[in-house]
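Take a look at the structures listed below.
There are two complexes below, and they share chain A, which is joined by chain B in the first and by chain C in the second.
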Partner chain A sequence: MTDVAFYDFVRGPLLRFALFVFFLGIAYRFFRVLFLGLPPDYAKPKGNPYLMAVKKIVIKPTMGWTFNEIFSRRAINFIGGFLFHLGFIGLTFFVPAHALLWKEITGIPFPVLPNIVSDILAYAALGSLIALTMHRALNPVLKLLTGKDEYFANFLIAMILFTGLLATRWAGGGSYIWLLSLHMFLADLLILYIPFSRLSHFVYYFLSVGFMGWNAGKRGVSF
Partner chain B sequence: METLYDIYRRRGYSRRDFLKSALLLSTALGLSSSMLTDVVRALETKPKPVVIWLEFQDCAGCTESFIRSTSLLPADVLLDYVSLEYHEILMAPSGFYAEESKREAMEKHRGKYVLIVEGSVSPDRGGAYCTVAGRSNLELLKEAAEGAGLIIAVGSCASWGGIPHAYPNPTGAIPVSEALRGRQVVNIPGCPPIGDVMVSVIAGYVLTGKSPELDSMGRPKTFYGQTVHDRCYRRPFYNAGRFASSFDDEGAKKGYCLYRLGCKGPVTRNACATIRWNGGISFPIQSGHPCFGCSEPDFWDRGMIYTPLSVVSGGFGLKEALAGVAVGTAVGVSVAYMNKKLRGGK
Partner chain C sequence: MAVLSKEEIGQEEVEKFYQFCKKSIDMEVASYLEACVRCGICAEACLFYMGENVSGRIDPTLTPAYKADLLREIYKENYTLLGRLKKLFGFGVKIKPEELKEQARLAFYTCTNCDRCTKACPMGIDTPRLVSIVRGALTHAGLTPKDLADATNLSVEKGSPLGVDTQTFLQRLEFISDEYEVNIPIDRKPSEYLYIPSSIELMKFPSSVASAAKVLNRAGVSWSMSTVAHEATNFGLFAQSREVTREMLRRVLQGAKDLGVKYIIAPECGHAYQSMRFIAPNVFPEEWDFEVLNIVELIDRMLTEGRLRLKGKVLKETATLHDSCQIGRRGGVLREPRRILKELAEDFRDSVLIPEHNICCGGGGGVLVIGDADYYRQKAFISKMTLFDKTKARTVVCYCANCMLALTKSSQELKRDYRFVSMVELVAEALEEET
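Moving on, here comes the complex of A and B:
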C-alpha cells in the first residue's frame, strides 16, 4: 500500500466510520445513563434543584481554585489537568486543519490558531499529560483507581500530540505523508475509542455534576 | 561523435554558458560542488544520449513540457543534445521510414539507449486500444525495453496509469512498471512532469552511466524526496494560520496559503516549488491555484480538487452526525426501556 493510499483511507472510510460510531456511541451511552432513572422522591424540595444544578456545572470547575488547594495539595491535578484540557480542546478545534474538519461537520466556521500558539498548547498538553500519567502511576490512591483504560487512553492521546507536533515541525523528507497518516490513524482510533472508555466523561461530567447540584438543591444544602 | 560542449560551440554559445549549464545540471542532480570538474569533463567528452521516445495512451503534454525545459540547457541546445532517434511528434519522417529508423537505432545503440515512455499501456484485448503501425503498445514497449540501457516513464500516465487508468478504466490501462515487471523503471510523474527534471535524469545517465537514486515508488529522490508544501513560498502563511478563503478574497490577493481552497501540496512530492516551470518563472501555487497533486498516484480518482485535505473525503456533515446521534438515541432508549421492563418497572 502506498503512503497516499493509506492517507486517503484514514481520512476517508476510516474517519467516516469512526465519526459515525462516535456520535452513535456517545448518544447511546448518554441515554442509557439518563434513563437509568431514580426512585420517586415525594418529599417537597427544600431549595431550587434546577438552579443549583446549573450553578454546580458553572461554578464547580473554579470552586477549588484557592491558592492552598492548588499549590499545597493537588498541584499536579489542578495545573496539569487545566493545561491538558486547555491544550486538548484548543488543538482539537482550532488548529487550521482541524477547524476545517469541524466546519465540514457542523457547518459553523471555526477561528484558527497560528502555529506558534498551537505549538505552545501541544507542548503544554503533552507535558501535563506525561506528568498526570506519572502521578497516576506513583500516587498510591490514584494507582488503585487507574486501570488499563486510562493508560491506553493517555498513551494514545500522547502519541497523537507527539505525531502532530512532529508533522508540524517536519523539516522535509519523504516520510512526512506516513507520519501525517499515522497522526490521523491514531486520531481515528481515539474517536472510535471514546464511546467505549472513560474519555466519554466530557458528556457524563455535565450529567453527574448537574445531578449532584440538583440533589443539593432538593435537600436545601450547599455544595 | 558530438558532445554537449561541441553543440554549445557550434550554436555560438561561449564556454562560460557551457560551464553555467554544467553547474546547474550538477546542482539539479544534487551532486556535490567538488564533482563539478568531473561533470564538465563528462559533458566535454561523452557522446550525446540516444533517446527513443514512445507514446501510448497520452496527450503529448509531457513532450510539450520537455521541449520547454530551458533552465538547464537553452532550447536549441537541448534538442540537439538529446538525440531523439524516434519521437512520433518531434521527428520529421513518418510511416515506414519512421519505424525503420527506430529499428536501426535500437540495433545500433543496443544496451545504451534511453527509452522514454509517455502514456499508459493497455494490454486488454490484445492491446487493441492503442496500436502504432499495426502493432500493440505492449508489444512495442517490450521490444524497445529489451535493448534499453535506461527506461524512463514520463508523466503520471506512464508512471501510475494516470487519466486513462481512472475509473472505470475502460481500456484496462496500466503503468509502464507493471507492463515491464522485473525491469527497473524510473518514474517521473506529473501532469506533465517538469521538463528540467526529465532533462536532468537523461543527462545524469550520460554522466554516471546509471539511473538516479530512486525511492520505493521508483521516483528520483532528488526531485521527489520532498513535498511541494515543504518548499512552498507560501508556507509561512500556513504556519501563521493565514488562509485564502476564496479565489478573489483579500487573503488570496495578499498571497495567503491555499490550503483551505484544497491545496494538495502537503501530500504531493514534486520539485514544482523549487525548480518551477518555464525557465523557473512560476508554478500553479504561485499563479494562485492550489496544487491538486498531479504527480501522486490516482490523483484523478481522488477528486476533491477544491476540498481542503483535512476534510473527510467522501463527506461527513451535520446530517451524518445527527443520523449517528438518532440511531444511538433510539438504541439507548430502547435498551433502557427493555431493562426497566425486565426489572419490573423499577
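Moving on, here comes the complex of A and C:
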C-alpha cells in the first residue's frame, strides 16, 4: 500500500504544508516591501495617478504589441510569455481534476474547462516554456541576466506540465498512481519554492506596475 | 558641496557607495528591484544597446536591468531574509574597486534616464530611478566622471555649467536684444511670469532666447527674466547630488520670490522642466508656490486661448519631431508640441505611432558633457537615425536645447545632413505681424 500512502501524503499533509508556507512566505515578502514606506510627494500631479495605476495593472499584460519593433524582435518572449501565463493560470485552477481539488480545499466551486481546452493550454504552456528556456540559454542578453534560479524553476514547471499531461492521457497500466503522485509531489515542491524565488514576481507585479501607472498619471502621459 | 572626481578608488569609496545604496531603498525602489523577471526586453528598448546592435556588436552589459544589478544585490543582503543569512555566513556582496569603475560606465556613460525601458518593461520597472540611485551613490563616493563633475561645480560657483555668471548673462541678453531686435525685461517688478533660459540656449542658440522673448511679448503677458534665477538647467540631477540640486533650485526660488511671480516658464531644456516641475515642490514643500510651465506648454495654451495667432505654415519641407524625454515622456508635454507643429509644418510626419515611444537624442542626463561617453552617444544616435530615416525627413524639430546640441554634434561626427530647428524659433517666425 505504499503507493496509496504516498498519494495520500502528497495530496494531504504535504499540500497543506506547502500552501501554508506559500501564503506565509508571500505575505511576508509583500508586506516587507510595503512597510518600507514612501516619501511624500508634493508635486501637483498632471493626471489622475490612482486611476492610471489601476488601469495599468489591468491592461499592462496585453499592451506588449504596441511597442511593435520590440515585439517583432522579441516575439518569443511576448507570445511565449503570454501563452505560458495563460496556460499556467488556466491549468492551475480550471482543469477538472484541479477544480475538484480546489473545491475540496476552499469549499468554493470552481468553473471547469473542457478537456480539449485544457489540453491545448497544456501543450501551449509546455511548448512555450521550452522555447523560452532555449531562448534564455542562447540569447546573449538573457545569458548574462539568467541565474540558476530561472533554469531550476523552468525545469520544475516543465516536469509538472509533462507529468500532468501524461497523467491525463495515461495508457501505461499499473504505475499510474505513482505518476500522479509524482505530478502532485512536484507541484507541492513548486508551491514551496515560489516564495523563495523570482516566481513570486506575481505579487510584485501589482506594486511595480502600480507605481509605473502612478508615475504615468503624475506626469500626465498615457503610456 | 563640490562634486569630486577621484582617480584612486579605495575601500572608503566602496563603503560610501554601499551605504548610499542601502539608504536609498523605499517601497517603490524595492518593488522595482524585486519585480525584475530577467526577461531582458528592456535591452531592445535601450538606445545604447540598439545602436551597438545595429553596428553588429552585441554588448549585453548595456541591458538596463543589468545596470541596476549591484544595487539589487545590496538591497537583497540588507532587506531580505535569505540575503541576510547569506551575508551572515560570509557570502555577501564584495565590491572590488574596479567594479565601481564599471558602474560609472553603466550609470553615467550609457544611460540618459530616458525612461523608454520603463515603457517596454512588462513589469513596469522604472530603471532610470534605479540608475539615478547608482549615480547618486557614485557621486557620494566622489566618483563622478571628471567632465560632469567640472560642469556641476562650475554651475555652483558661477551659476551655470557653461560658466555664465550674472555679468555674462547681462552681456548676452544685451547682445540678443540688439541682434534680434527684441525687448527683454530684466528684474521687472511685479511680473506674472518668470522666464529662465538655459545657458546652452544663451551661449549656443541665442535665437531661441530671442524667440521666446518675442513670443512672450506678443502674448502680452507681464514677464521678466531674473539676474538671480538666470540658469534653468540643473546639473545636480545629472550627478544626482542632492546638495547641488537644492542649491540650483534655491536660486530659482529666490529669483521667483523677488519678482513675486505666479508662473515660472521653463525653457527648451529637459532637466530644467523636470527639476522645477516635479522635484522643486519636494525640495521646498512650504515655499514652492508657483505653477511651472514649459515654454511649449505655454505656447500651446496661448494658441488655444487665441492670445497668439500664427500667420501660416512656415516650414515648407518634410519635417519630423524629436521629443525631449524629460519634457515629453517623463514630463507629460507630448500632445502640445504635436498640435503646434501641425500648425507650423506643411508636411509633418511623426516618427512614432505612440508619442511615448520616441527615442532619446543620446546626450541627455549629462552624457553629452562626458567626453569619454562620446562613443556611446554616437552609437545611440544610430538608433535615433533609424527613426528619422523612416519618415524621410531631413528637418527635425526639437524642443530641448540639450537635445539639439547633442543631435547636431552626433550628426556632424557621423557626417549626416539633418537640420535641427527649435520649435519656439519656428513659432516666433510664424507669428502674425502686429497690426
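Simple rule for what comes next: the second predicted complex is superposed on the first by the 211 of 223 C-alpha atoms of A that agree within 3 Å, B and C clash if a C-alpha of one lies under 4 Å from a C-alpha of the other, contacts with A are read in each partner's own complex, and residues count from 1 in each chain.
Following the convention adopted for this analysis, a residue touches a chain if its C-beta (ideal position, glycine included) is under 8 Å from a C-beta of that chain, and two chains touch if they have at least 3 such contacts.
Being a predicted model, the structure only gives us computed values, none of them experimental.
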Superposed partners chain B and chain C on chain A - clash or fit: fit
Chain B versus chain C as contact partner of A:Leu100, first or second or both or neither: first
Chain B versus chain C as contact partner of A:Phe211, first or second or both or neither: second
Chain C, chain A and chain B - angle at the middle CA centre, rounded to the nearest 10 degrees: 170
Contacts of A:Asn77 with chain B and chain C, given as first, second, both or neither: second
Minimal inter-chain CA distance - chain C and chain B, angstrom: 8
Residues of chain A contacting chain B in one complex and chain C in the other: 28-29, 32, 34-37, 39
Chain C residues touching chain A - in the complex, by the definition given at the top: 25-28, 30-32, 34-41, 43-45, 49, 58, 60-61, 63, 65-66, 79-82, 118-126, 277-282, 285, 288, 328-332, 334, 353-354, 356-357
Residue numbers on chain A that touch chain B, as the complex places them: 2, 4-5, 7-8, 11-13, 15-16, 19-32, 34-37, 39, 96-98, 100-101, 104-107, 112-116, 170, 172-174, 176-177, 180
Chain A residues touching chain C - in the complex, by the definition given at the top: 28-29, 32-44, 46-47, 56, 60-61, 64, 66-70, 73-74, 77-78, 81, 139-147, 150, 196, 198, 200-201, 204-205, 207-213, 215, 218-223
Contacting residues of chain B [partner chain A, same complex]: 215, 217, 221, 224-227, 230-231, 238-243, 259-260, 266-267, 269, 296-298, 302, 308-318, 320-329, 331-333, 335-337, 340, 346
